[in-house]
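Inspection log for the structure reproduced underneath, given as structure tokens.
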Amino acid sequence: MIAEHTPLMIEVAEITIHNSVYTTLFFDFAIDFRPGQFVMLWLPGVDEKPYSLSYYSPTRFGITIEAKGRFSRRAVALAPGDLVGIRGPFGNGFDIVSSPHTAVVAGGCGMAPLAPLVTKLHPDLCFIHGARTKEFILFQDRFARTRHITTDDGSLGHKGVVTDLLAAEIQHRTVQNQHQFDMVYACGPEMMMHAVFTLCESHRIPCQVSLERYMRCGFGVCGACVCGDRVVCTDGPVFDSAQLRNMADFNRTALLKSGRAVPLSDYVTWRCQ
Amino acid sequence: MESVTFLGKQLKNPLVLASGILGNNAGILERVHRAGCGLVTMKSIGPGPRDGHNNPTVIDLGFGMINAVGLPTPGYDHMDTEWQALSGRTFPLNASIYGGSLEEFVQVARFVSEQGPEFIEINISCPNSDRHGMLFGVDEKAAFAVTNAVKRVIAVPLIAKLTPAAPDIGKIARACEDAGADAICAINTAGPGMIIDIEAQMPVLAFKKGGLSGPMIKPVAVRCVYDIYRAVSIPIIGLGGVTTGEDAVEMFMAGATLVGMGSAVRYRGIEVFDQVNRELADWLTDHHVTRDEIIGAAHDRRHTP
Amino acid sequence: MESVTFLGKQLKNPLVLASGILGNNAGILERVHRAGCGLVTMKSIGPGPRDGHNNPTVIDLGFGMINAVGLPTPGYDHMDTEWQALSGRTFPLNASIYGGSLEEFVQVARFVSEQGPEFIEINISCPNSDRHGMLFGVDEKAAFAVTNAVKRVIAVPLIAKLTPAAPDIGKIARACEDAGADAICAINTAGPGMIIDIEAQMPVLAFKKGGLSGPMIKPVAVRCVYDIYRAVSIPIIGLGGVTTGEDAVEMFMAGATLVGMGSAVRYRGIEVFDQVNRELADWLTDHHVTRDEIIGAAHDRRHTP
Amino acid sequence: MIAEHTPLMIEVAEITIHNSVYTTLFFDFAIDFRPGQFVMLWLPGVDEKPYSLSYYSPTRFGITIEAKGRFSRRAVALAPGDLVGIRGPFGNGFDIVSSPHTAVVAGGCGMAPLAPLVTKLHPDLCFIHGARTKEFILFQDRFARTRHITTDDGSLGHKGVVTDLLAAEIQHRTVQNQHQFDMVYACGPEMMMHAVFTLCESHRIPCQVSLERYMRCGFGVCGACVCGDRVVCTDGPVFDSAQLRNMADFNRTALLKSGRAVPLSDYVTWRCQ
């Protein structure tokens, strides 16, 4: 870990502005890492929030931020040379299977934690990525792998949602009597992840999804991020089908900053303020 | 560890989950219980919705933690789903509460008591907020007053949780006992402290100052429990820096009847409860003693039972 | 590090040896000075001969120490050979003193002032004795009274050394400033704490309780210096847990003018002074700032000089 | 170190009572060790004092205690199975030279720290040991090496003091033009060590002696044990000729428990109370 304890102040080495909302910050720093893990990003005087690693090499890592609220807007406005605090990495990360029969399903910025995973999976994976419009497709030229795109407006790829393509592919494999997926990985809005999970369940396909909750400590103590009896920052953020089945709060309940349990939709509204 | 009777209630073992650690919902409280915790404590519940401070709020220093979470709470009357989930529980529950005034303490206590927790713990010791709680814990008269007022409106045993910032913690404990407290819980976080990031040139915690917990405060916690044991005859929940069975033994010897853990979850995971139970049982077996026999053993003269 | 002027005296660098660490005779004080310490402080001198407590008195806990030495002192008027040896010294000297009453403080201070130390530090904060000193450090009026009384009888600048046990250390510092203190030294040991050996079933320290020092108390020390900086305009000697140049930078940013070290000698040897000087100089060079520029840097608004 | 921090409570494994005043306590415990180092022995409820290791093997160590005062009398009255606290080892230990031309000079209980040293030196060493009477000669059958004994009353060996024999041997080597001692090691009453030092200085022979002062911390912080500008517990307890030459307080001054500097004779008197 680069900063298990107090945040380590490091310079933003480079910045890639993908579009009006997505920006990647790169740091030239060695960090232990498994795909799916996250760091806490501290902007002194502002706040500290969790971000998944979207790029990783032994000497450099990157996080990709969607400008949404007060904090993320400040984060994407950083310039190279600016100092920020990093704690982590935290969390469990994805369990990587070696099978050629895997699917990766990304929704919007959910691509961030999945990107470093994709490069570790068998090249024959089925890689599906959805976004609002063509412009919001992250990492356009990053992957050698084939990527199946969906957009809400049809400006690129399939007009519709990622589960359309995933369902079709699962159906295809069933019908053709081909080897079914051994694992489906998903990250994106929780409603999307729930749809993926439900789809997989109905075909008895195991999946792993990466959840998001409000976080404080990042290391399993404060309880801010609990989801049912799971602690998202340490038990997760990645959960598998067996865990999701028993997770009453999945796609249903989340805690606000006060600790108040609210329906997930209210949580999203709160985050929108 | 074997089960113990505490204030008339049966606990499967003498370990307690500290307030503010994980205890944010029924699911996790039950899981901690399943993981070997005899008595789980809820995150302190306040009079009205409160977000707490911005991050950073909790930082691990390696030999302990510093935190200024800022008493976030949904407010006692915005927790319907939680109270409902907890009403069907299969484990004993300690409900921690706080208020900014005596009236608020009473208001929260009365409502919470009706939810039927096994115990109510009054947090008269939290240092993370400008307005809340702390005053009561450093002043004998205030400690007496709030304990007394809460005691009158609740139907379950009352635990007073104290701060090591009190100039004479024994006296505060005595005041709580005199006011009707059924047990003392000690300690809340120590300090307060501050860590400054020298590159950012500012305090790391958004609230600037924070309470210290974990291994580095164990000597302070042991001293407090020792002092309280000499001052009162009600039982003590000893916590502060406990992470191993041997630490628990030390707390018992200082005078604790039950032993709590919070920060230990950072260092050994939720499994720490099962682990400490096992370590404790092994130690007692190896030494041919019972837990009862070592309570207060570090004192020249012990309480006569 | 470059030399600094402190209360009108020239020091070769801003590092200070904490009282009670090694400073038992002229030879070792000189050696610590040679090893890179700008200002050496003598072990606190009391009114009459006192042996202090039996052992164990000082125990290292790894992330800091606990001690109850018990204010041993030859007594100010049984130190002839020492005063004589020190009279020919080539280094600035801070003489720490204590008393059990205001009269004793005055008596010791008057005598010690005549020995011509560069500074006199009043230890109104030592927790290791039932009768000595502590009371003055937790009560504003008492702190004012003793500072004022000592100030009247001495001919050298006066430093008031404070305890983190004060409910509001800023107020105590202000009282000392108002009473004529020329500087504040903070902090003395924190806690008190206790460690119990579970095999021996008794406290390890012969005095049972002891003060905490070293890395584990740095957050408390930084918070205290931060609070004092906001409360007074006289300079502060910041100490408590400093062991590296970065720790010293943190203390400066909290508001310290000089930085003291005690327990660090356990962890890095007497050479720690030279090492910290070097680390500090390197940090300042790397960051293109001077020590002056970082003093109080962690505050939103700094003192106007 | 077995107990760098808080004392480790361990059982007395075995006890050897050498005579009315000397007793050795053995502990079956692995400890890091160099000859000349000491441990702090805690008797709960009594006190804690420094003792040199007089026996050492990878699985066992021993300390030899002279019953003098309140503490040491309690220590020699311990029984196997009793628990005591051990912190350490502390101190620098002897610098061991490989030359066959060395001398070891022990006075009374000063034999304790020298015993583990003797076995590490070249077998041709000159080994001199003095005591009050025959009975007080420690470790009578321990060494394969020849030992030259002196007693105050002549009840064994030479009647006189250890420096008589050392002076004679040095003289002999000078007169016979033999290789002079490359190192003389000494431990015993400080006056005796000073005599050895003075003798060595006059023949330009380097020596090392082990000093004793009142101790509290044992690790160089509290200042109880300072001797001139030296810290006996960490710079010492072993000091060499170069250090002794500049040590104003050697054989002259020691601090009482209060920190008061007194002539060494007063210090000894104080310890006798």
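To keep things simple, chains are lettered A, B, C and D as they appear, and every chain counts its residues starting from 1.
Heads up, the rule we're going with is that contacts are C-beta pairs under 8 Å (C-beta built on N, C-alpha and C of every residue); 3 or more make two chains touch, one makes a residue touch a chain.
The shown structure was predicted, so the numbers you read here are calculated from the model rather than taken from an experiment.
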Exercise. After subunit B is dropped from the contact network, which chains belong to the same connected group?
Worked result: A | C, D
Problem set entry | Shared chain contacts [subunit A and subunit B, defined touch] | none
Problem set entry | Distance from subunit D to subunit B - Cα centre to Cα centre, in angstrom | 51
Exercise. Just curious, how far off is subunit D from subunit A if you go by their C-alpha centres, in Å?
Worked result: 67
Exercise. At what distance in angstrom does the C-alpha mean of subunit C lie from that of subunit B?
Worked result: 34
Exercise. Which subunit C residues sit where two or more other chains touch them?
Worked result: 61-62, 195, 202
Exercise. In subunit D, what residues contact two or more other chains?
Worked result: none
Exercise. What topology does the chain touch graph have (line, ring, star, complete, other)?
Worked result: line
Problem set entry | Complete list of chain pairs which touch one another | A-B, B-C, C-D
Exercise. Okay, in this complex, where on subunit B does subunit A touch?
Worked result: 20-25, 27-28, 30-31, 43, 49-52, 54-62, 65, 67, 69, 72-75, 78-79, 81-82, 195, 197, 199-200, 202, 204, 206, 262-263, 265-266, 269-270
For this session: Write out the stretch or stretches of subunit A touching subunit B in their complex.
Result: 4-7, 9, 40, 42, 44-45, 47-49, 83, 85, 87, 215-217, 219-224, 226, 228-231, 234, 248-249, 253, 255-261
For this session: Would you pull the subunit C residues touching subunit B in the complex into a rising list?
Result: 61-64, 66, 138, 165, 167, 190-196, 198, 201-203, 208-210, 212, 215-216, 218-220, 222-223, 226, 246, 249-250, 253-254, 283, 294, 297-298
